[in-house]
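Both of the next two complexes hold chain A, though its partner changes from chain B to chain C.
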Partner chain A sequence: MREETLATRAQPEDARGVAIVYAENYLNKLSGERIERECRNGLEDGCHALVINFKQTTIVNSIGVSILLGVIDAVERRGARLVFANVNHHTIKLFDLLGLSRHVALAENVEAAFAILEDFDAAPTPHGH
Partner chain B sequence: MPDRMRKLLHAFAALADLGEEIADTSDFVEMVQSSLHVVLGALAIRRGAVAEHHPDAGHLKVVATRGIGDAPIAPVAIDAAAVETLGAGGAICFHVNSSDVPSSMAHRLGEQLETLCTGMRVELLMPLVVHGELVGVILLGGKASDEPFTAEDCETVRALARHIGVGIYNHRLLREIASRATENERLYGELRGLYSDTVRAFAAAIDCKDKYTQGHSERVGKYSEIIAREMGWSDQEVEGIAVAGYLHDIGKLVVDRDIINAPYKIDAKQSSELNRHPAAGYDILAPINHPYADIPLMARYHHERIDGRGYPDGLTGDQIPLGAKIITLADSFDAMTTDRPYKTRRRFDAVVDDLRRNTGKQFEAIVVVAFCRALLKEVNGETRVRHFTRLLGKDYLDGEQAAPLLIQLIHELETGAPHAAAGGA
Partner chain C sequence: MLLSRPWHSTCPTMPIRTTNKNDQPRRVLARVAPEDFVGRADALQQLSALSTVGANRRGVLLLAAPTVGATELLRQAYDAMFHQRGGASPVYFAFSRSDHTTTGAARRFLHTFLWHVVAHRRADATLIDAPPALHDLLELAAPSDYEWIERLIQSYERARGGSDERGFVRLCLSAPQHAATRGSHTVVMLDDVHLATQLKGEVALGEEVAQAFTDSDEAFVLSGLRRSLLGVLQGASEVSRLNGTRKIHLERLDDAEARTLLERVARNQQVVLTDESRDLLVQQLEGNPFFITTLVQAAQNDGGSLASYLDCQRLYVDELLGGRINRRFKAVLEEIAPAAAARRTLLRLLRESESNPAGKSPAEAWRKRLELDAESLARVMAGLHVHELGTFDTTYVEVGANLVWRDYLHASYRLQVSADPRALVVADTLVEALKRAPQTMERHYRRASALQLRQLLGRFDSQRVPASLLHHDRFARMYKGVGADEVLIGLDTETDLIRLPQIVHAASCAAFHPPMQLICDEERCAVAHGFDAASYSDTSEVVWLAAELESKLEVGRALTEVWCDRLAQLAHSCGFTRTRLLLVSTEGFSAEACELLNEREAFSASHQQLELLTARVSPALSAQRLGAGRDEFEMVIPMGDDTELIAAHTVEQIARRLDFQPEAINQIKTALVEACINAAEHSLSPDRKIYQRFRVESDKLVVTVSSRGVAVSASASQNGEAIPEPGQGSQANGSAKGRRGWGLKLIRTLMDEVEFERVDDGTRLRMTKYLRK
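Presenting the complex of A and B:
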């Protein structure tokens, strides 16, 4: 297994303060808790955006869904942003059905995820700053 | 694949996930937390909690939460009416904040539970009912889709709740069994203590009858315990032999006190009367259901000899139980090392000579060796507890003199040949 498939400690990838967290093949309780921990660590370390890369992920089970909802909550509470990248078709359908897609942006790949985040940054805030 | 089918498959997979989590009973809170994850993940619900019902305390205690912060939640009082409401008819979905639920629901759930539901923005409350008994509730907030719960959603939660309820119920049973086992262990300990105290009281009563051998029974019990432990007996067996030592002379209770206390060598008739005590002891002890094996037999046979010249049955060698052989040696050693009405106690070297002469006749060699080894460990300072010194008095044993005597006897008994260093000893 390649190292990048593991959810290693999230660090800001660049000056924009974006961390990438890598999900494993099967997103269940064990791997999900690790992702959640890494996301929370990333937020505490000052990241203002997280990208979870699902490139290696084929299945997300019920506990995985619950954990991702917890990540969404944590990101929202911090006023940060979250993008899911490289989500496979089957999982996208599941996220759509369950309503996760309403709370998180989906990107085809990590580059697209960064582009989405840049668009967020470029967009005027509700107060016009 | 149609969306409905996809949702159903996800719920079905959640049920399988739940089975795996509930099967792990090692950590109750972890099991409940994982179960809550499964329910939330099955329908993508953003917050929820599972509370266990404690009927004795009359409250619901929150075991696991998700999405409602980390602040501890105090137990929620729940009255009999609410328990009845939630428990009657098995699992029922309550759309707590739904407009079609009558406002009387708050009254039926009780004020505290209603307050909790309001604070958590609960939209669905699912009781966990097993065998008609309320074991807990699942409190669920809104779905990530912001859509209202459907009848199918309720069925999904109901199916999951049934399993979670069984998981909690089984854990409660395990907890009760563990609690009862602890209580039984405590009661058993108390009974053992009571038995031990009773045995000691009997030993004191036996020794009171013989004014010259005060403490004899207790010492025989202690010596027997030391020998058995040296021979590698289990703790249970060691406890048993100690009790047998305490009670070995119980038959003396039926022997005339004047014979026991005669300050002279007793005649044949008196000796015959005295020799009744092992069989009498057996008769006294046999009807009692002792927690240890063979206590009556050890009392009966403690004056048997392996050469067959003992009493009451004239048994030989292996016919005599090993425990009785241990008591025999302990009894004789104490008799030789304590003052009697007609003779003072023997010097230690004379005692060792007696053991040497009578091993194979009165005493079993392996028992004598074990006894000598235990004593040798103490005189050599290998043991922290000084049993022999306490039982014999600190002036009786001279370590420097005793050690070579013991080493020599052990060597002779183990090899069958006199020790090279023995010389003319």
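Presenting the complex of A and C:
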């Protein structure tokens, strides 16, 4: 479960400055904290956008979701962008239920996530951001 | 002292103190806390409802087996009524031999009546702890009660010195009517009414009680031993005054209730109890609450362990030979046969009857051996009968079947009649009890697994069923290897039907022919009398003889023949003229055996056939038989290391069996994961385990998650807490902690029903998901 889903980071010199973080099969406290750490590292390395790929994630608990909320906070404070990709149907419903979907863009897959990020970059930055 | 708290010093409409410091209703008469009072919920509810003024407040007769807890039931009902403000005042009075005379009992009744009414009207439970003198009660009475109480006391004072015993008794027993005419309604509960006959006096007190209460419009409960209560109340009267009264029968606790009682008492007494010991004691003590509580108390006094069969039997033998159980039987025997010599002879006769192969002995032999006249013998017999130590008719005496009583009888006989050394009796009784324990449990397991033939036959009720259900060869030909749903469809389309008889009486074979109990378990052989046509006539009278044969494989011709002959012999010895045989075995019968069965015109069925038959003739019985445990799964997981995933995978498999949609399965899994996390995070569980039960029902899946330790209540802060927006958590708390605690809200959203069940230790959460196809 965990071994195949270790998070990977893109380097800041990456043309797009986007890090992709891979979530594990079970999003719980431990795997949530791993995502949190990888996201923090990505931001510290200069990434301006993060994609969390939930392709492997089949089950989620509320502690894991609460940690994702913290990640959303951290990304917003840095003025960076965040997209969740490959979130399965059930998990989307759970995110809806817990109010997560209102604060993060969801993409069908990683390519779609990049497309969303490009749209973000193209759009004028609203006041206050 | 009591005069220092007259009525006017308190608020007449507000309770003074009916709760304790924790705002739990204060126990008034009850000896155990309401939550530790096990079973009897229906009876308690019926009794408690009597205090509702204006409702259908009839009289109740509580017919109780010996030592099954009738007194505590009445005390619990008293407390429930006491705390139910605005209802009738409960009054509890128990007849006692220490009253000696009928007038003594009547006098004490009047005093108790006024005392309990005043305490209830003042809402002062503390008054029950110390009974005030009769005249002090007047001072404590409510102003609206003052006049009738004063008049009643004056009438009592005038009558008590007189010679009119009947008039005096009637005056005292009429107190509820006096109160009612002034608007003070009561529920009088008279306990141990059977003792009324043992009081000296010219008045038949039982009949006076029946008359006084049935003539009144007030609710009442008359409680006593079931074999004597009606006789005591009706006396020689042919016309019963009690026809309109409701009867509540109080029997032993059922196995589940007895298990709960044992667990609760053991926990309260800090006695170690294992599941194995608990189940043994339930069977050995036959669900008797007195024996159960006595044994656990003995364990507590002895060091606190019922962890093994040896612990149980050591204490049991101590109790039989010198503890409370011993004293209880000894007191009853002393009451039945006061003279020591007669008592020894009685013990001898009882023991001889019990060891007689027929289980009984001639009554005439008893009369001669006891050297009693007919009247005295009748008194002894009545005593044995009332206390259920034996039964007798004019010809035979039979010793009661209660296991504890029989053990007491054996041991007492050896000590008092044979004069065996005490150490030898103790050792032998202990050894025998230990050897018997596995057999007791085996009998229980076999009984529990039996097919309940008697109950099934009793529900035939002239119904028509597919013929294949009663012919194994036909069933095998048509349905072997066919799926369950297709079998049901096939049965529905069958046109060859058998009309079952209307069964009017069903009992075990052993009840008709005792030697049968040596051949098979009582539950596995039944005789059912009935009629197979619409009229009750000689020609339609039929007796079904049914037996369940033990075999893992199809039963062969030889064994089938043995059983056919055996049942035919039973029919012959009982004089049954028209019979039908039904043989049942797990896997049915071989082709050769079926040939024989057809020759004998006997019915045959496998367990599968019988289950299908049961489902057709009695869905309730079928559900009862199939329901217990068949669709229930249990799992215990350690806390931590993501073990909730194991639970989630398990519930997924179970939910799939029930054809839940994938989305619903995900919801159930997530809810279960959340419940496990809650248990692990909040319980401070001492064993660090999560206990789960998955119960599959036709339209739903019920998941129960429990853990020991600190209780997590539904009203805990985590329940329904608003989910914070991103930013709130970190700003408010500087960590993710502020965003935590959504588990229960999530569970409530994902599942259809969520409920915290009451448990003594820790938390038990029940979650239900309905099937929507």
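In this text, the second predicted complex is superposed on the first by the 115 of 129 C-alpha atoms of A that agree within 3 Å, B and C clash if a C-alpha of one lies under 4 Å from a C-alpha of the other, contacts with A are read in each partner's own complex, and residues count from 1 in each chain.
Methods note: a residue touches a chain if its C-beta (ideal position, glycine included) is under 8 Å from a C-beta of that chain, and two chains touch if they have at least 3 such contacts.
Computed from a predicted model, the values in this text were never measured in an experiment.
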Combined model on chain A where chain B meets chain C, clash or fit: clash
Chain B versus chain C as contact partner of A:L69, first or second or both or neither: both
First (chain B), second (chain C), both or neither touched by A:R78: neither
Touching partner for A:N61 - first (chain B), second (chain C), both, neither: both
Partner chain(s) touched by A:R40 [first = chain B, second = chain C, both, neither]: neither
First, second, both or neither for A:H103, with chain B first and chain C second: both
Common interface positions of chain A, toward chain B and toward chain C: 28, 61-63, 65-67, 69-70, 72-73, 93-94, 97-99, 103
Residues on chain A engaged by chain B in the complex (per definition of touch): 28-29, 61-67, 69-70, 72-73, 93-94, 97-100, 102-103
Of chain A, residues touching chain C in the complex: 26, 28, 30, 59-63, 65-67, 69-70, 72-74, 76, 89-90, 93-94, 97-99, 103
Contact set on chain B toward chain A in their complex: 1, 3, 6-7, 10, 13-14, 17-18, 21, 34, 36-38, 40-46, 66-67, 143-147
Chain C to chain A touching residues, read off their complex: 642, 644-645, 648, 663, 666-667, 669-670, 673-674, 677, 723-727, 729-730, 735-736, 739-740, 742-743, 746, 749
